[in-house]
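These notes open a run of structures that come right after.
Both complexes below contain chain A, partnered by chain B and then by chain C.
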Partner chain A sequence: MLSYSKDQRKFVLLMLLPAFGMTAAFFLWPTIYNIKNSFTDLSLLGLREGGKWVGLDNYIALFNDSDFKKVVFNTLFWLTFVSVSIRLVLGFAIALFIESQLVRRLRLTVPLRMAALLPWATPDIVAVTVWKQIFDGRTGVINNKLLEWGFIDQPIVFLGDPSYVWPAVITIIVWNGLPIIVLTMAAALQTVPRDLYEAADIDGAKSWTKFWHVTFPHALPALAVLGLLTTIWTFNNFIYVWMSTSAGPGTFSNVLATEVYLQAFVNFKLGLSSAIGTFMAALAMVFGVIYFRYVVTKRFGGLM
Partner chain B sequence: METTIVTSQYPALELKNVEKRFENVIALQGLSFSVEPGAFVAIVGPSGCGKSTLLRLIAGLEATSDGEIWLDNEDVTEASAGERGLAMVFQSYALYPHKTVRENMAFSLKIAKRPKAEIESRVAEAARALQLEAYLDRLPKQLSGGQRQRVAIGRAIVRKPKVFLFDEPLSNLDAALRAETRVELAELHQRLAATMIYVTHDQVEAMTLADQIIILNAGQIQQMGSPKELYNEPKNAFVAGFIGSPKMNFVSGTINEGVFQSTDLSIPGLGQTASGAITLGVRPEALMLADSDKGIGQIEVSIVEYLGDESVIHGRLADGTPIILREKGGVELNTGDRVFIDIENVDALHFFSPDSGERIVRSPKTPNKG
Partner chain C sequence: MQNMFKTALLLGCSAFIALPAFAETTISFRYNDPDPEVIEAAIDAFEAENPDINVELERISWGDSRTQFLREAAVGTGPDIVHIAFVWPLEMGSAGALLPLNDLIEKNGAGSGFDNFIATDLARDADGNIFALPWTADTWTLVYMPSVLEEAGVDVPKTWDDLQAASRAVTEKTGKVGFGFPAGGGATNTPWFLLNYHLWSNGHALVEEDGNGGFQVGVDVASLADSFKFFADFMGEGGNPQSNIALGGLADIGSLAPMIEGDQAFALVPPNVAKAMIAAYQEKSGSSDVPFASTSLPTGSVGGVSHMGGRMLGINANSEHADESYKFIQFLISTEFFSDFLTAQFPASKSALAALEYPAGLEGYGMQLPNARTWGAYANGKTPIGTMWSETGREFGAILVGDKTPEEAAQSLIDTINDMLNG
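Entry: the complex of A and B
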């Protein structure tokens, strides 16, 4: 541990002040403003006169609203849990393949790493637009092929049909969000000391045992950090759902981020929208704390 | 090549004409030797000569390009590392960082699905032998280098393998700990009566530990034999220079009518050896300071290393050939002094062909190869 003299400490504080000021101005102030608004009935049309203090009314309204429960479920289960799980598992699997002996022997490791970068280089909005065309009910390539091969008689409106909309949205998210998982996990896999595999070989371990006892423990810290980050990034993501379905059909695929938008800019209820925003921030915080306390620090102790 | 004593038992390990190529690099070539059960064999040689590669071939971590490897009368050339049932101690220790000392040692037994009670007793036994009992629940990173090293050995011991493989296991330890662990390894070998193959580039380690030493250079066996054989009858100048510390002195000259003659040295009385150009090899401990005007020649002292019980004198002949000699006790010499040197016994002299480096045996009828 470094120890500072009194003067040094003053200097350190002084140097930290600008960064702290910026953080306060851009994050702390809007947060406080938002929390304050959430206790009012502020309307987008009545910004000048401001809102009336309504106490916890906005929150009570939310928790009594069964539609809101569905929005929370959509956000936590479909948007976050399913898409993050698929990305982590699939991304790790692809990373394992790219870094495997077979691919290395074929000298494809570097080309594949490059290929894995491609979706990342595509901006979210471009990706969603292209995917919308692919999924389109009339002109989409998927429907064309399915019709051509005779799997279906009627085209499927993937992004407009309750049975298909979540799988379709999740496909888009997974495609766009895989690269960071693949590349991070590929990097993590390269740090596993090779002689551990050899020691395991000599101990008589088969591939599966080597994976669980050597590869996996080394990959876990990276996987855990990715789990936390992608969860937070996805949980409050607005673009994927809004761009692909506008929360539809109806409000079938509505999530918290789109609900914030709908309440504020469609229904003009800024107060209610702020309450939803505050609720989202609280959820993210609870998740972050639990995750770090119980998963990251407890499970893999000093390894991170 | 060393011929093996034929007993009713099969060799613990036998290599038949083994070759290893990495793409276009030939790492090992024409290796054949066998190791008796219970022997301690050291493999020594300079860096890059193929020691680790040889050990990895035996372990099954690397496939042979040619030749066969036999373990206890069984051809294991194609067998995987796990199937060979050997234990290996890595230079880096290669302990599983997420497993405790206990789990590290128990891992192979667990994979082999041994009963729990047996695993526990074997780990406890190894821990006791290696004084690791207090550390069983620690992770490797919570141990010192020496303790990790013992865990790596413990992991090997619990398997009760027929053959132990060591790749420079002491090279990460400091000098004192290395000397200590060396003794422990020797004791371990006696207690377990297991076959051990030990790679090192430290010839002192090899000399003190091994029953048999294999000297490797550029992927080929230079000589295999007991420490005594290698010291007293090195097959060529490479072996002679590699074994012994400080290194053997080499002086090129000619031999004629039993007299060795170089620009600065003259040694008569060698009997009827070969004649012609020859390289003389003489160990520092076979040389001594002579009274003035006597001896085989004169050197100019460049440095004296005083070691307490002995002194190592570094000097040069007039033609620049370096000469090292060891004297008991201290000596009153300074840089630049010119002193006469002598040999204790002509039997301690070695002769090598100046071209091939092969040993030339001092017997009357040996033709001069050089």
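Entry: the complex of A and C
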């Protein structure tokens, strides 16, 4: 084990100090300020005077509000669980295809990797605007084709009909979020030792057996980290839901991030909005700790 | 060498002393409407007349302008002059974001006098502080496509019930859109305006003065539910396509396309949108014909009442150049400014509006403006209008997707407004 002298430790601490300072100034202080605001009735119209201390009133109001439970469900189930699961499965499948022998033989690996990057290169606002046109009930290409081919008699209002709004929003999110999964998993697949496949071939292993016993265990650590990161990024996602549905129709697709915005900048209740933000941070933190401790460290600790 | 040094010193001192005489004051003006080139041309003219004042134009969308300015003003920054909606001056003034203009008005005047402006009750608080000057005026009224009405064999509607019947008939007989409007959730302002017009036209209001200096909800659950139901019935076979439930507002792609393409009979829009529709139609068809006509708002039991809307100009309470800013505001509210530059909008002065000749297609605005009311109690109560607008849109959306009945939505909206008025 390496040992450091007292001076060396001091030097390391000194070098780390700016980073700690920046973290404290730009992360810790805003967090504390937000938590403090969550115990006040601060309004956007009262920023100069500040808010009055209201104790736990904002939190009590949130947890007594039946609509808020729906917002939490939308966030956890539709926005996060469903969209992250689809992205991980689909992204992994696409990565497997890109790194497959067939694609290599056809020399398409690099073009396909570049194609997979395309959604990432598209600005969010452009992506949502284009998707809204694609989903449009009157002129959208999906409705036009479905009508033309006789699959439907009436156009489907993808972003306005409760039966379709979540699938439509998730489609947009999945499209945008796939590149990181595909590229990371493609990189992970390249690290699987080739000799393991050769040994499996000698043993007469079938494709499925090779996937399950060789490919998957090696890909799992990357998939686990991606699962954590993607969950946190998606859980906080505001832009795709707000821009595509404005949390509607009604409040049907309202999620925690859009509720933070609505309470702060539509209803001007910064105190209540801060309470929702604090609740979101707490949920994400609990998820992160559990996931890292029990999924990443315990199950795949030996592989990482 | 010594002489050279003395000369240089003298020149330096002279330049230093002369500097203030040539110094320009720079003021910033944040303008939110989508025609900045008009304002840029006006700024050039203003700067030519006032070489000591430099005006910088800032831009922001209407959707973000209110909250952005409130955040900036709270920390001592922001533009010198702000372009704000009619219902914002009092809330911004009470938040300390806007400078009271009383002294500047007293010293320099304000157009043809402050009382010649419309909607002065929205600019002046109970203590007499004037936080902004009304600049442009508008209201919403009914714009229609005569050719589609003719095709469907329907007349121009006079009442709200006529509009509903005509809209349904247009869709049934021609397959075209009858009365089309964006019907999305909280971010859409259209349900808010429609609902209030219908309530006012039938003698109700979401917010009214209670007679004791306070405010109260001015409608019962049954009447509010009737108004919600009235507009919900337009969806689908009633003439407003279901797809409009996904539209975020009049600015959304697809919102006005059917009107411009001749596939829609009626729209309720402000004048700038009507003008944009006419321009888009003319550009598309390559003709100078005006395809639309407009008329006054449909009537209910007490008439056809719309809102007196428009924009005001205020000075940031943090501005260090209030005099120069006010001078620029005086230029912006002048008759010359509206005749030479901002010809697409109506000035917010009583005398100018009375003398105005409305161009073809916009004649309805001339008919409707005398029947427009200001938001009045809505703006003076404790509930931000943006909040009520958002809640109204969300409740309306909840009805359309079957989450709530009109009665449940009405009860919920009344409870929310009551809570905020009494909170």
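The criterion applied here is as follows: the second predicted complex is superposed on the first by the 302 of 304 C-alpha atoms of A that agree within 3 Å, B and C clash if a C-alpha of one lies under 4 Å from a C-alpha of the other, contacts with A are read in each partner's own complex, and residues count from 1 in each chain.
Assume a residue touches a chain if its C-beta (ideal position, glycine included) is under 8 Å from a C-beta of that chain, and two chains touch if they have at least 3 such contacts.
All figures in this text were calculated on a predicted structure; none of them were measured in a lab.
Engineer: Taking the superposition as given, does A:P217 touch the first partner, chain B, the second, chain C, both, or neither?
Structural biologist: first
Engineer: Who does A:L45 touch here: chain B (first), chain C (second), both, or neither?
Structural biologist: second
Engineer: Which of the two partners, first being chain B and second being chain C, lies in contact with A:F268: first, second, both, or neither?
Structural biologist: After superposition on chain A, A:F268 lies in contact with chain C alone.
Engineer: Where does A:R138 make contact in the superposed view: on chain B (first), on chain C (second), on both, or on neither?
Structural biologist: In the superposition, A:R138 touches chain C alone.
Engineer: Between chain B and chain C, which makes contact with more of the residues in chain A?
Structural biologist: C
Engineer: Examine A:L196 and indicate which partner it touches, taking first as chain B and second as chain C; both and neither are also allowed.
Structural biologist: In the superposition, A:L196 touches chain B alone.
Engineer: Examine A:A24 and indicate which partner it touches, taking first as chain B and second as chain C; both and neither are also allowed.
Structural biologist: A:A24 contacts neither chain B nor chain C.
Engineer: Check chain A for residues that touch chain B in one structure and chain C in the other, and list them.
Structural biologist: Of chain A, no residue contacts chain B in one complex and chain C in the other.
Engineer: Write out the stretch or stretches of chain B touching chain A in their complex.
Structural biologist: So the residues of chain B touching chain A come out as 59-61, 80-83, 86-88, 90, 92, 94-99, 107-108, 111-112, 141, 155, 159.
Engineer: In the complex of these two chains, what residues of chain A are touching chain B?
Structural biologist: That would be residues 193, 195-196, 198-206, 209, 213-214, 217-218, 302-303 of chain A.
Engineer: Across the complex, what residues on chain C touch chain A?
Structural biologist: 67, 70-71, 74-75, 91-92, 94-96, 184-188, 241-246, 248, 253-254, 257-258, 384, 386-387, 390, 393-404
Engineer: Would you pull the chain A residues touching chain C in the complex into a rising list?
Structural biologist: Going by the criterion above, the answer is residues 44-48, 129, 132-133, 135-139, 154-155, 157-162, 242, 245-252, 262, 265-268.
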